[in-house]
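Each of the two complexes below includes subunit A, the first together with subunit B, the second together with subunit C.
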Partner chain A sequence: MTRRTLEVSHLNTSFFTERGEVKAVQDVSISVNKGQVVGIVGESGCGKSMIARSIMGLVKKPGKIVSGSIVLQGKELTSLGEKELCKIRGKDVSMVFQEPMTSLNPTMRVGKQVQEVVAIHEDVSREEARRRTLQILSAVGIPEVEARYNAYPHELSGGLRQRVIIAMAMVMKPHLLIADEPTTALDATVETQIMALLKQLAKDGTSVLIISHNLGVIAQLADYVYVMYAGRVVEKGSVFELFDNPLHPYTHGLLGAVSSLRSQTKVLQTIPGVVPNLAHLPAGCSFAPRCSKCMARCGSEQPKLVAVNPEHEVCCHLKEGADSL
Partner chain B sequence: MKGSKASNLLRRLLYALIAIVGVATLVFVLLRMVPGNPVATLLGEHADKETVERISSSLGLDKPLPVQFADYLLGALRGDFGQSYTLGKPVSELIGPAFVNTLWLALAAALVSWVVGIACGLAAAIHKSTIVDRLFMGFSLLGVSLPVFMVAMLLQYVFARYLHWLPVAGVTDWTGYILPAIALGWGSAGSIARLVRSSVIEVLQQDYIDTARAKGRTGTQILVLHALRNAMLPVITLMAMQFSGLLSGAFITETIFSINGIGRLAVQAIAGRDIPLLQGTTLLCTFVIVMGNLVADLLYSVCDPRVRKEA
Partner chain C sequence: MDPSGNFDVTSMAEGELGLSSPSVVYEEPASVWHRLARNHKISIVSIVVILLFVLGAIFAPLLTPYEYDAVSLSERLMPPSPTHLFGTDEVGRDVLTRMLYGSRMSLIIGIVPTMLSMAIGTLIGMTAGYFGGKVDTIIMRVADIVMSFPSMLLAMVVMYTLGGGTFNVFLTMAFVGWAGVARVVRSETLKLKESEYVEAARIMGVRRFRIIARHILPNCLPTIIVLFTLDIPAAILTESSLSFLGMGVQPPSASWGLMVNAGRAFLYHAPWLCFAPCLAIMVIVLAFNYLGDGLRDVLDPHLQSQ
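For the complex of A and B:
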């Protein structure tokens, strides 16, 4: 088998609302290799979660994958029926959601909720399933697992709950773990712990797709980064390339926001302007209304993703053609 | 945790007791506030003053009110509600068998409302905004808005007089309970169905349902294993409240279907100004309603671990 765990190509996912088609994901291609940690970063609402849901086959109505292909371990997912997808979810690909407070069933013991995953995908005895549950719970750093097994979600802290959710996602040793803003709802200390845990998982060979609006999280975890704006990938590259040599004006803006956080400025520097309405995208570059380097052709012509070197691609007219910035 | 559970139960029992004593007091006071002498009513217009006084004293009505009240409370505690004025028997002997009949009717109606309500609500939620949804919700709305006596007479006409499938009135065997149970239960079936529907729809939008899907659970499994229990939490409370409603609704249903229940007895008691009988029937109903709510509370805390822990 190839070293490619995931290959998403030309994915388009839209919501068909009364106010028209909301193009949440447009022509997105992403690949994740075995053992690689790939990050997706971008402001809230830019379509990150919709990519994750598309991969999981969990896009809710009125949303729908319009076109594109999603290949996991050599298997095309977009053509699978619900029944076949159920066999893949939780086993080959799993997902950690943003909200540890609400992502667990409040009336079910947490141990049972983890054990359930084993029972769905494997025909093992209850004792064996329980043994594996306890094992994974301690592997994700939960103390006193025997007691915690019987706890209800409200009896655990946010950090412990997120560990339970990660245990749930890891218990079948999936090829790919998608973590959608796994630390956004947690405080800084707990965030550090959860990040260390994810780093460890990746070291042990799991491919991870980490999604965040926080560049700091991405910088710490990812090997390779995709920057998204208004449903599109606007820049991608290895984490070193991207942070040392950002090319897209939007990435510059994001990095500016991070450094002002680092220097503890009271005023949080953000990119001026607002994210465009995905139902009525402007012609040309979506970032044009907020871009300080906007040129005449930006308003009419959609820029293409072009490679500046094998490790780095950007989608901006400044970088198209022979001229360099 | 065990200790808080026990003290929790004790606290709830105390509340129940306070509620019952409260109602008992209220009933006593209200019945004494009604103008007119009950003995005079009993004996008719032409009774002479002396007879009225003699009977009053034999019934203990000449004693000061606080003494009457104490007698009444202590008696009720022993299950002794005194002698019925109009039927000449101890109240406890009258309400016992009548209550059994009412209880059967209420239970049958509750069964109808739970089964029909939950099934319709679930079906409507699963097929949200389709014809199935509208059909079941229309059916529920009808049940909620039609008065019990109209439903009862409609059912009597169609199934008893016209189709001759079931008895018109009176109970000789269990078939006699079918029409009254439907008449009485339809309304609460309607409100249960509506609550089940909205609750299931809401629960299905929760984050943990996404989690369950991400685990590889199928839609049906999610409904049964993750959604139902959470969705039923608010419904349990409603079902308990409705059970009280069924008991009071039984007044009308019993009259229309000639069932010798507590409701009919209470109507008789009101008509005859039969204070002991009225006190007995009211207190018994209060007791059952309070106990019903207590059971619902406990059931709720068994089903919801978050409530269970709060002391």
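For the complex of A and C:
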């Protein structure tokens, strides 16, 4: 497994609030290979972003990684202190997020912000740092880099700002880039451009972990997909397997809720009910109260991830039953 | 799109979607001065007034033929006249001359201790806000105590124990002033700490002190500048009060507060002795307050509603 960039195994991240333990991430295992684009999809509040924060070591109090391991390029991250994590963040693993409008410091020139990342991670001359900054800015498709280098964030459009943020994340050539809803705040044309850029980065060898609630984004970008529900991975598989042959009732529901130009139906399907309160999860399968195929044992017994084929695993009693029969 | 009908996003991103042409050009927002001139004409007037006072203080020896401590007993308590625009005091010193020299003291005491308390308050406030927890609790409780103690009384106690004099006035006022600054800066830091760009900096591996210095402090500056402008008149008033009570600047140095105190005895016979320095205090305090209000509206939209 030398080509493995990231290996998250049995990760549990919880928030210890006054109302009890809120299990944001439960027993999640994810692996990302070199140059692979891995997608995590799920509704709001299902723990997608908490996985990203756990990997970055930025879980805020009262949250905490309870157990599990996160191995990046053979290095265990959960046991590292703040100082060591600072050295890894931005250098070996980087993150791009949702809000390009507010993710840049309004008082700093954008070039300086990218350059700052180089300056803190590597002992290079100012000219060298500047050269690399200009190089990465043009690599992410920013026109007239010399002029843009001196621009303040408010002088750039949303798409350009997101490119600057990606440049910031990529300037140290990290092994892993986490993109948390990278296109949610952008309009459709800019979204297409940013997605093309992320695809290009993966082609050049960066592993990308993309988090989104948008199945379209995931389908276009990802090679492998994890579907999350209430803090757990409920189904995972290669992008073709998962979209062609969804097994978990939740995945079915998600795919049914996508609008398509070709579909004949007039009314979009929805999944009844809401995501359960993570502080008071039902005893068995978390999806049971909303599931149309719920059986007796679903209410009492947590199903396990089982492989239906080498490229596809699902966490549902329906499939466990199919195996044992 | 290529002829085969495949949707080639990569080439599109580069060319057809118009990336090669510059994106929407944003209009440069009007500078602070322009906005002040447009919406707060009175702050421009205030700036002129403050500049006049500053120039008067600097060039005092050139502006007046008299010495500030030149006693002339033949010219005691003379009313305002062309030779003595604001009259003379009980030992025949020219009031205008003494006011010009006194403005040095008032301006220096308005600005230096305020800068000192700004620096201390900013440092303490950012530490409390950024690190939170016990550090925050302890610092803010101390600040609460300093703020709830009557500041004039505290200043008097310090002046009594340390004695009068300019340097001790500096110390006292900085000691009283930092708490208010710390409070405002702390709340600003708390807000900025959660901002996405500070989060982004953290994600890029920027260390705490650099985050504070490069990402939080510059974004606190507008608030700090406004606070500074509004604290100067308060400091001038405090100095005047301390000097009036005889605990600030010591004679024969000139200070507006001292002059009001000296003139008090002659309120009926020579009212100009009191009124002239009072007028000066009022004008400079008003000017700083108007300027501060204007800057607040222009620099810090969050404070506008307060």
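Keep this in mind: the second predicted complex is superposed on the first by the 308 of 325 C-alpha atoms of A that agree within 3 Å, B and C clash if a C-alpha of one lies under 4 Å from a C-alpha of the other, contacts with A are read in each partner's own complex, and residues count from 1 in each chain.
Please note the rule applied: a contact is a pair of C-beta atoms (placed from the backbone, for glycine too) under 8 Å apart; a residue touches a chain by one contact, two chains touch by 3 or more.
Note that the structure is a prediction, hence the values are computed from the model and not measured.
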Partners on subunit A (subunit B, subunit C) - clash or fit: clash
Contacts of A:159 with subunit B and subunit C, given as first, second, both or neither: second
Touching partner for A:192 - first (subunit B), second (subunit C), both, neither: second
Partner chain(s) touched by A:4 [first = subunit B, second = subunit C, both, neither]: neither
Partner chain(s) touched by A:168 [first = subunit B, second = subunit C, both, neither]: both
First (subunit B), second (subunit C), both or neither touched by A:116: both
Subunit B or subunit C, by number of subunit A residues touched: C
First, second, both or neither for A:88, with subunit B first and subunit C second: both
Touched partner set for A:130, first subunit B, second subunit C, both or neither: neither
Clash with subunit C (superposed arrangement) - responsible stretch of subunit B out of 25-33, 43-51, 61-69 or 115-123: 115-123
Those residues of subunit A which subunit B touches in one complex and subunit C touches in the other: 56, 58, 86-91, 94-95, 97, 99, 102-108, 116-117, 120-121, 154-155, 165, 168-169
Interface residues, subunit B side, partner subunit A - complex: 206-208, 210-219, 225-226, 229-230, 233, 303-306, 309
Residues of subunit C touching subunit A in the complex: 9-10, 12-14, 17, 19-24, 26, 28-29, 195-207, 210, 214-215, 218-219, 221
List of subunit A residues in touch with subunit B within their complex: 56, 58, 82-83, 86-91, 94-95, 97, 99, 102-108, 113, 116-117, 120-121, 152, 154-155, 165, 168-169
Subunit C-touching residues of subunit A, taken from the complex the two chains share: 56, 58, 85-91, 94-95, 97, 99, 102-108, 116-117, 120-121, 141, 143-144, 154-157, 159-160, 165, 168-169, 189, 192-193, 195-197, 199-200
